[in-house]
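Note sheet for the following structure.
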Amino acid sequence: MIRFALIGAGRIGQMHAANIVAHDRCSLNWIYDVHAPSSEAVGAKTGAKVARDLDEIFNDADVDAVFVASSTPTHADFIVRSVQSGKAVLCEKPIDLDIAKVEECSKQISSAKSLIQIGFNRRFDPGHGQLVSAVRNGEIGDLEQVIISSRDPEPPPKAYYLAAGGMLRDMTIHDFDLARFALGEEVTQVTAFTSNLFDTVAKEIGEIDSAMILMKTASGKLCHINNSRHATYGYDQRLEAHGSQGMLRSENRQPTSVERFNAKGSHWRDACEFFFIERYRQAYLKQLESFMDTLEAGSESKVSFEDGRRALILANAAYRSVETGNVVTVNYENPLERAS
Amino acid sequence: MIRFALIGAGRIGQMHAANIVAHDRCSLNWIYDVHAPSSEAVGAKTGAKVARDLDEIFNDADVDAVFVASSTPTHADFIVRSVQSGKAVLCEKPIDLDIAKVEECSKQISSAKSLIQIGFNRRFDPGHGQLVSAVRNGEIGDLEQVIISSRDPEPPPKAYYLAAGGMLRDMTIHDFDLARFALGEEVTQVTAFTSNLFDTVAKEIGEIDSAMILMKTASGKLCHINNSRHATYGYDQRLEAHGSQGMLRSENRQPTSVERFNAKGSHWRDACEFFFIERYRQAYLKQLESFMDTLEAGSESKVSFEDGRRALILANAAYRSVETGNVVTVNYENPLERAS
Amino acid sequence: MIRFALIGAGRIGQMHAANIVAHDRCSLNWIYDVHAPSSEAVGAKTGAKVARDLDEIFNDADVDAVFVASSTPTHADFIVRSVQSGKAVLCEKPIDLDIAKVEECSKQISSAKSLIQIGFNRRFDPGHGQLVSAVRNGEIGDLEQVIISSRDPEPPPKAYYLAAGGMLRDMTIHDFDLARFALGEEVTQVTAFTSNLFDTVAKEIGEIDSAMILMKTASGKLCHINNSRHATYGYDQRLEAHGSQGMLRSENRQPTSVERFNAKGSHWRDACEFFFIERYRQAYLKQLESFMDTLEAGSESKVSFEDGRRALILANAAYRSVETGNVVTVNYENPLERAS
Amino acid sequence: MIRFALIGAGRIGQMHAANIVAHDRCSLNWIYDVHAPSSEAVGAKTGAKVARDLDEIFNDADVDAVFVASSTPTHADFIVRSVQSGKAVLCEKPIDLDIAKVEECSKQISSAKSLIQIGFNRRFDPGHGQLVSAVRNGEIGDLEQVIISSRDPEPPPKAYYLAAGGMLRDMTIHDFDLARFALGEEVTQVTAFTSNLFDTVAKEIGEIDSAMILMKTASGKLCHINNSRHATYGYDQRLEAHGSQGMLRSENRQPTSVERFNAKGSHWRDACEFFFIERYRQAYLKQLESFMDTLEAGSESKVSFEDGRRALILANAAYRSVETGNVVTVNYENPLERAS
């Protein structure tokens, strides 16, 4: 029985709370949120103790793991405090929007032995996960190309944009991680095009709403990501892999399999699952189970701090390509140096 | 907050217990099973009180509703006792395998005011339910034909066969209900063919494993059901409706949408969801919510005792067609009389 | 090089003429139609000689095969005259609408050695044909059930109805043949429901527009056919087979594979191919090739006179079931006797 | 009736010959090939006159149009000779592999009034064509992104590689044209990654077998192309468009719609149509019809010389991006100048 403390009682925190409470292998001992009414509501519903102060959590010997679902700027600090308290930590992505802060955090936790897992939930999606397993198992022979399509159903509000740190670090970062996961090999070169095509709110603050990225690995494997901040047909989340023996596609999911045929045409279905809470419901659950499995087995993190760090380095490389009009060689060792 | 007592702690009972406990609109106050260790296990896990005696349940004024998930021969009696205790009752199908017992039960509850809902869960499947709603909303104009395909993944053991009362009353009864639900009009004529084609256990006890049925309504609408006790590709559950303006199909569901393309061909996916627990997970939850909605609104049952009774009358008519080699005219008024 | 004479220059005859002319293994030597302008038009386009009299065709030693695409009442006679002239014959279905006339024709050709092939083109559809081959090759183990869905896009005009001999003999006869082809075993019992549900022209003359049929073979295999005289989404032509090791479906074809996704939903496509000329274009071509293969090899007819006869016997059995309200045992030996 | 002369009697020439002969709006008057037995074979089969010398064709006043299906290095010259003879010309892609030769050809035909259509057949594919029409008709609102997947079934032999002028000019050139067609706006920037991942024959001669390309238009629209010289599942030809109101996909085509369901999974189909002759059969026919429509109407070419020229300029820009590691700004005015 793994005893969790949850930091963050917003929308995503509430979902994690429900998953922890419903699961028979763990319990929710503490809930904390800077906004006290939010943590109190979760406490009332789940029976978790409401922490007034984070020290209550980090000092409680009966807490095995901290689930960090608070705002992005707090992530790095809470990871450090968790591991310094000897607790495992499952932290929502990203580690931070600033690579300098990630490097600093990296140094502080370098000697820690606690399990750290970053919340790249898509690795645990039953479809995407099955695809990557099939690639690893050699089902399509030698992997050659990966294509990721990822489109949000609708643009966020201005406040979200201002805090998000740019589309490539906020939204595409999931795809950079998925690309690394599917490729099974490090990306060495990045080139990218971005546009503001439709969202006037984004335009006003100089932010993009559309992006296309190419990446290449040392052995020559190729990867493409396409992104958009809107999709009228729902949250578009697809992964495609090509190898010497075939192709695999993890296609979108619709809530039902009802097909309609009439004079206007045939074969249409529901729109896709609306957004991440609906689309990745099972992925969030499997992510939690993977974290518990790893913690109990004492094995290596399935999505390590380094995975979180490298996804951000790729996002930064893509931004540099857009700025310079050059193909960018990725520098994982010294990401603070400006690469060619 | 609706307070449930659950009778039956077997496999399906445990699923209902988990649904009730997890739902924020209801609580599980009591659990009972003739096999005490089963009820104790559910009690330990959920916090429900373990009843030693059914009177504890029926006499508890703090019980709003009884969920009957015990063995079929107990259903009619528990329905009667529930409504006589002034409690709402949600009872697994069928009411009983013997129409005489159902008629007797019908008399006993004729003056009761309690809500009775029969567990024909497929009406609440998101796909099948959406299809029937679309038919009711006139999306395919005037309804003309309904086709139901329903195949279990594998045959049951001998003991199950012996208790089940025959395939048409045990398995097809779901499809008779779904046919009535989709047609929106009573069936007046039935003709049927059955076979034992593959299951030697069934054959040994004179039981069938395959069936095809035709039905007709007073206005001439046509309906076909096909059944089998096995399907290597998983639980096959499809519903198709034809109307003057088009066709609707509620197709099977696979666990993922992964597609594979290789030299042997293209476009294959997972097998279907394995069986009813997996396939109708959401249907069971929506059935529970529908029951609570109806109870709170004081409105008419969505799946009434009469619905349960009529599904059994259709199963009996199909058996009579097989026996006599005649088309059978359905007699809902006096089902104990042998119809032509 | 097989030299054809074609009798009938209507819509279907013109299509056959084009197929013969375009094919590099045959030539069109003669065209005949009772309506001279029709045969002249085909002659002008294809270079075929226009026969003024059928004797010109039957007496021409340079004709290897007669393609009969004239009106139904002429079929039996033209089959007899073709084989008596020592010519192979490929004759559009049905042989005749009257079983007595078919029996008479059967006697007259009993000693003939010419190849006779009946135009049940659906056997040669790439999809349906591949399905039946897979069944024969044991891909789904022992065959257990067959389901045929067959719906015309729109009802015919009154004149067509009056000449067609009833829906089961005109339209369903294709499905009776496909059922026999897919089952690979003779049907012994038939039961059927029919309705007039939408077509007022049909109603006026006492004709049906909707039908559902069940059939059973000696070994207990089951088969269902559903028919309608309209389908807003195009010509609906599907075949489904269930066996001990799996299911096969031959689904509808759309002209393109364009998928649309928008706020109203996802995944719709074109309507189905409009009607038989479009849907079975390849089937007609493969039928022609099969006929030529058989003729050149001197092997047994792939779709024999007896196949044409038995499809009609099944149609008559279905009519008898509707009339009597009984399951009908099929009598292939003496179809003129009224069976139980 | 349009009277064609066909230059080139190889595999693709034979297909064009058959299409011309079978079509009721045109005739094949002449056939020419440098390899006389090839032209004689086509002549014997179709009745076309076999030209010994190209002058016979260019000097024949009874030739309306020349169909150029000879080897690539002859295209530019035959276009010039055709228009100088006052004949319309339908020429297989590409115009030439060398942009300098294309520029020279461009000058020579600048004053000609003959119709010139370049054989970018994919524009006429029923699926791809329907998708682009839907985009033009505003079905998905404002176009934002286009994604083209194009993979050959298997790599060509060494001799083909050596003559082909590089994968981006030989294979991708179809996709550059399709991108321009779908975008409806000129591409201004190109960036590309290429690899040799699997084909040792290609590797030996320094040729690539895999490519990914990004393009951007002046208004910020984004486009991605992915290519491979092999695909075990058949010729992979897909087109996807995203707009403010939805997504359109033109998916692959399989020869049948047979679906198989068994214990290993569900829902697989035939491999894709094998290669361009099979996949684009209808596109080649519609291309011919479009050419005839344009010629008869005297309207502007649907796929002009300039379209052929610009596709080559994009291929060259992609090569320059690979060489320099820079994003390349496309220079349509002076393609012989090296752009940044």
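Letters are used for the chains, namely A, B, C and D, taken in the order the chains are written, and counting of residues starts over at 1 for each.
What we mean here is this: a residue touches a chain if its C-beta (ideal position, glycine included) is under 8 Å from a C-beta of that chain, and two chains touch if they have at least 3 such contacts.
Bear in mind the structure is a predicted one, so any value in this text is a computation, not a measurement.
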Checklist entry - In terms of C-beta pairs in contact, which of A-B and B-C ranks higher? => result B-C
Item to check | Centre-of-Cα separation between chain D and chain B, whole angstrom | outcome: 58
Checklist outcome for this item: Between the Cα centroids of chain B and chain C the separation in whole angstrom comes to 41
Checklist entry - What positions in chain D touch 2 or more of the other chains? => result 232-233, 236, 245-247, 252, 260-263
Checklist entry - How is the touch graph of the chains shaped: line, ring, star, complete or other? => result complete
Checklist outcome for this item: Contacts from chain D onto chain A in the complex sit at residues 142, 144-145, 147, 149, 151, 189, 191-193, 195-198, 210-216, 220-224, 226, 228, 230-233, 236, 242, 244-247, 321, 325-327
Item to check | Residues of chain C defined as touching chain A within the complex | outcome: 232-234, 252, 254, 260-272
Checklist entry - Which residues, counting only chain C, touch chain D once they are in their complex? => result 22, 24, 45, 126-127, 130-131, 134, 139-140, 245-253, 255-263, 270
